[in-house]
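Multiple structures follow.
Both complexes shown next keep chain A, but they swap its partner, so chain B is in the first and chain C is in the second.
Then we have the complex of A and B:
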């Protein structure tokens, strides 16, 4: 493993690697800065560019964009009060009031430092978990992988939707999209409706780009986005930024606790950086003796969410690399990109592509440091990006996305499918059906189907095989609890409400 | 969005799932056995959702809110009880809003243009249509943006990535 880490270090030190790191990082940061776009948008626009690259260079670029995007989003959250992406929403609570009080430089410094340290924290946890992951993955066979995918999708379905059933419907739609074309195990064509283009299934690039880029284009064009005026200014920047940069050190215990929250939350499929940031903010408030300044510009309200949302990126890579279960949009895209490059996450990747895993960890660390440095040095200039109107963004993103979907298989049919997927994604969002589970389920669909048939082969056609395998049965139990929990918690809430009403009635 | 529109949507979804189930059942059922399991679950989920929408009193029991529903994922507005906070520090302006039909028509028009004149030229034409015709932006600005975009796409894909792009029906015949 040490040899692989050294090889990765060598790759990271090469001149072209540094260029890919800077390019990917800056692109991710810009996408993070623009409200309406996100790290996922950056990844989706970059994936077509990585088709011809060596996997190390490709994932260096993609992971850099992923790592740096969160730092970009924190700048707009602090300076203009509009979070670049959902992950940075909690930073607005105290970051923007700090900016309004003339402490923008300090807040930017604190956010940059917390992001960098948080990102490093998450990546280091990932690095330390690799040896453990290798041992754990070997215990998993097809029945365990099937149950793990079922559990992962249940968690994603239960947590990402506004309502439980909406999340589950999203998962089912994604799975059904993955079934189009050849059955990977028993053969035979399904759901192609006579189209030869669909024999190989719906192109992965079309699903990704449709759901994550075209649907965003439709959303941007219809809603418009808040464009900030350029009056936001940062005075006496350097000195105050230094104070901000030292803030996570001054509040070291808080920083460590919030980074740990982010890493652990990141590991749970479907939860991700948004929840991690809000939980960390809540923790920062609850654990502070003096709560009076929270919401009015307390630097601890910036350190908490920023360290947490950046460390969650490292955490989210754990289930992705070990089991091929993506936790959210960005890691789903990363899984798709891995598959496009012919790499299957899991035991094989941890055995045959360990250098790539280390390159990804290195890219995560370096991109966070680089983005934080850029944020500190060029915050006022970077914020001007938010003045770019959707009138420019919409046609540019649509054209690049559609060209990207074409370049995957060089088929115009894929462009049409991408547009259809985009419209479907937009419609689903309008009806409160989250799109991330659709894409994650689409990716996991074929893996699940293969595991399903292999499990049946192991059990000689009997489903009882699950009950003879302790890990599979444990995962089945956890899945049942996951699916039942919203019902239990909702029933408990109703009971509490009824009790309090009856108590009030008795009191009166 | 009212419950009637939502119900119509889930009813349509239910019809799609039912149709897929019917075409999955046949002599070669082995190849669709796993999709059939998922389709059965999808139909159950759709019916449950419809019941939850039609009978709101049952809705909360059948379709509870997500555990994380309490967490605000939208852009929050900071609390600003202190007098020293300057409200006008940033002036947010929401730019042009378009109707869904306009946007969808423009996207389909873009695909047709791509088929006719290829991806490089098509990207430029689509940009001009969006910026100048739909959003009423100045022609000079939209033409300059379109030229830059087309050049960037050509250099990025055709030259740097050596990934030849579709030339379009028109240019394919001319060439």
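Then we have the complex of A and C:
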């Protein structure tokens, strides 16, 4: 194994490899940046270019694009509040408010550093897991996914803002949105109003672009002031960004936990960076004593999702390399590319093409570092966007976002749905209904429902199946404890107070 | 809202309106009429109804450059063939798009006959009989897979075990090909007096379904024979029956279902298959164009480079002519008709 790692290193240090790494990475970053395009888009476009290359170089290009794209997506998420791709959505919740307070540079610094370190974490885990990859993937199935989704939804409790009822409405709206379409687990078409285009549900792109981009645009247009406020000037952007760079180190334990969450979730086929980012955000909120700043610009709300979504890339490659079963869209494309190059993923690949596996791991690490460096260098200029008047910003964001929503299926229908989602998002804002629970419920709602029914199908109609799934039960316990803890700890505190008062009385 | 806000809002609405108008211009622009089949710089779009990276997409991109060259040679025009993924509704959106496209030779598509006849009956968005058929590109038999550790070693074992407890089949979704194959097998066996009891777990894709079998969450799946190949090689899964009269080369130790002399086995081998992928053009595509496309397809599939790449990617290429395809389509549609009372409920719940 060491020999293969060394030859991989030699390959990566070659001049043309470095060129491909940088080229693929920059391209991936750009695709991640533009709302509506994503790392997968970059891979799709790059695959034909890699046909003539040898497998090592082909895959270092593709993996580099994949790794760098998440960093690109975080930039737009923070600066204009529009996630460049789905997995950067959670970064908006606290990244954008920081931008609105004029702290965009610090947020970008934190995101870049978290992404780099998180990406390295994920790649290292991938490397360590090579001998036991297969067993790890097999640990998770529908009962575990169900518990993960429940845990994720439980997080919403802390994100409801001022009024609990508003938070509940947000959750219900998100769940409703997730129910639209044909349910492949139990059959049945819901809320499609007869349209074939809604068969697959309201597309995630429409929800994200609509809720974030379009509703922000509406807000900007109506208010008429720049993102960072009417008299914002960005001073010392570079210095502030350096402060941000140290953020994951300052909150090291949180960073490690969120990277771990991302890597594990990324390993689960069918669930991806998006869920990893949301769960990490939720964990960041739940695990902090002072939750008051979340949603208003707490830097931990940037560290969490950004370390998680980058580490999930490493995780997503585990089922791909172990079984040839892709963890998500980007890895599905890589699977196709592997087949085109005549390589069958699985135990065979780990035996015969181990050098290539190391090249891919190395590319993942290097592309994360490179993309973060680029982000850091570009940040001082990029953050000035927050001072641009909406007259210029609104048309640009709007047209890029709508074109992005069109780009998925080349259908105007998707654009219309996006606009409707945008209007819905704006209405929710005006009524003080928080967006985070809507988006979380939308994503986790369908996972939860499908996993629930699949669990029952596996158990042939009975719930007994849960009792044979230690991981699922553990997750359920963790969720229950995290939910109950605030009540339990304050009850304990009260008892201690009462005891000490009575003790004092007795001792006096 | 304040006056200033309403003012700003109206500007916004105007901008959105403008963007929509700009998008619609291409729709209203005129197109020229062609006198020959193809002209230089014409773009032919090959619609793939599924996402990039999957079996259909890989096959399309594999043949694309060679198909393009053959069409150029036969038509004398420097045309461009591009692959476009039009996904959704399990392929129906792609099929519907191909069906409604202008029959000018600039749009063709790939259809999978393991699902399309059923989807046609269920959704009524296209008609396989009305397409202008170009030809078949690949065909694969169906195979029954189980975990390598399973006690089941052939179809008879499966049927026997199902009498004690229904076999838990994994599928890639309600109404997906694996689901339909199993229900059809059950129906055919039932007609011959054999009871196969089945329960189902529906996943979001064949990959997840295979992992389920590896984990033991599900017991079996009837898929395209090539699907589990890599995992069989790794020793994780085994294919215990091939739904064909002859054994499959890739699994020489696996019995063909006809060897087991199960009543209905011959019918299963005849009517249940893994996949059949065909190329179609919209209804009423002119003969000259159809002829060019048909001949180009045959030549493409016969090219040694194409066959070698297909072997490397484990894609089973096999050509059949437009007439043969039309025949298969008819047979499949009457099959769907015959079993419509067990199939239709899957789509119309």
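Here is the rule we use: the second predicted complex is superposed on the first by the 276 of 508 C-alpha atoms of A that agree within 3 Å, B and C clash if a C-alpha of one lies under 4 Å from a C-alpha of the other, contacts with A are read in each partner's own complex, and residues count from 1 in each chain.
Everything that follows uses one rule, which is that a residue touches a chain if its C-beta (ideal position, glycine included) is under 8 Å from a C-beta of that chain, and two chains touch if they have at least 3 such contacts.
What you see is a predicted model; the values in this text were computed from it and never measured.
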Looking at the overlay, does A:345 come into contact with chain B only (first), chain C only (second), both, or neither? second
For A:165, select first, second, both or neither according to whether it touches chain B, chain C, the two together, or no partner. first
Which holds for A:324: it touches chain B only (first), chain C only (second), both, or neither? second
Once the structures are superposed on A, label A:478 by its partner contacts, choosing first (chain B), second (chain C), both or neither. neither
Could you say whether A:176 touches chain B, chain C, both of them, or neither, answering first, second, both or neither? first
Identify the partner contact of A:243: answer first if only chain B is touched, second if only chain C is, both if each is, neither if none is. neither
Kindly classify A:187 by the partners it touches after superposition: chain B alone (first), chain C alone (second), both, or neither? both
Where does A:402 make contact in the superposed view: on chain B (first), on chain C (second), on both, or on neither? both
Among the partners chain B and chain C, which is in contact with a greater number of residues of chain A? B
Between chain B (first) and chain C (second), which, if any, makes contact with A:333: first, second, both or neither? second
Please report the chain A residues shared by its interface with chain B and its interface with chain C. 48, 183, 186-188, 217-218, 221-224, 394-395, 398-399, 402, 406, 410, 412, 415, 419
Chain A residues within the chain B interface of the complex: 35, 48-49, 51-52, 79-83, 86, 89-90, 92-94, 96-97, 99-101, 158-169, 172-173, 175-176, 179, 183, 186-188, 190-191, 214, 217-218, 221-229, 231-232, 271, 274-275, 278, 295-297, 389-392, 394-396, 398-400, 402-403, 406-407, 410, 412, 415-416, 419, 422-423, 427, 430-431, 448-449, 452-453, 485-487, 489-491, 494
Can you list the chain B residues touching chain A in their complex? 1, 6, 9-10, 13, 17, 20, 23-24, 28, 30-32, 34-35, 38-39, 41-42, 45-46, 48-49, 52, 60-69, 71-82, 84-86, 88-100, 103-104, 106-108, 110-111, 114-115, 119, 122-123, 126-127, 130-131, 135, 137, 145, 149, 153, 156-157, 161-166
Chain C contacts chain A in the complex at 1, 4-5, 8-9, 11-12, 15-16, 19-20, 23, 51-54, 57-58, 61-62, 84, 86-90, 92-93, 96, 123, 125, 166, 168, 172-176, 199-205, 207-208, 210-212, 214-215, 217-218, 230-231, 233-236, 312-314, 346, 349
What does chain A use to touch chain C in their complex? 44, 47-48, 134, 137-138, 141-142, 182-189, 196-197, 199-200, 217-218, 221-224, 269-270, 319, 323-326, 329, 332-337, 339-340, 342, 344-348, 394-395, 398-399, 402, 406, 409-410, 412, 415, 419, 450, 454, 457-458, 460
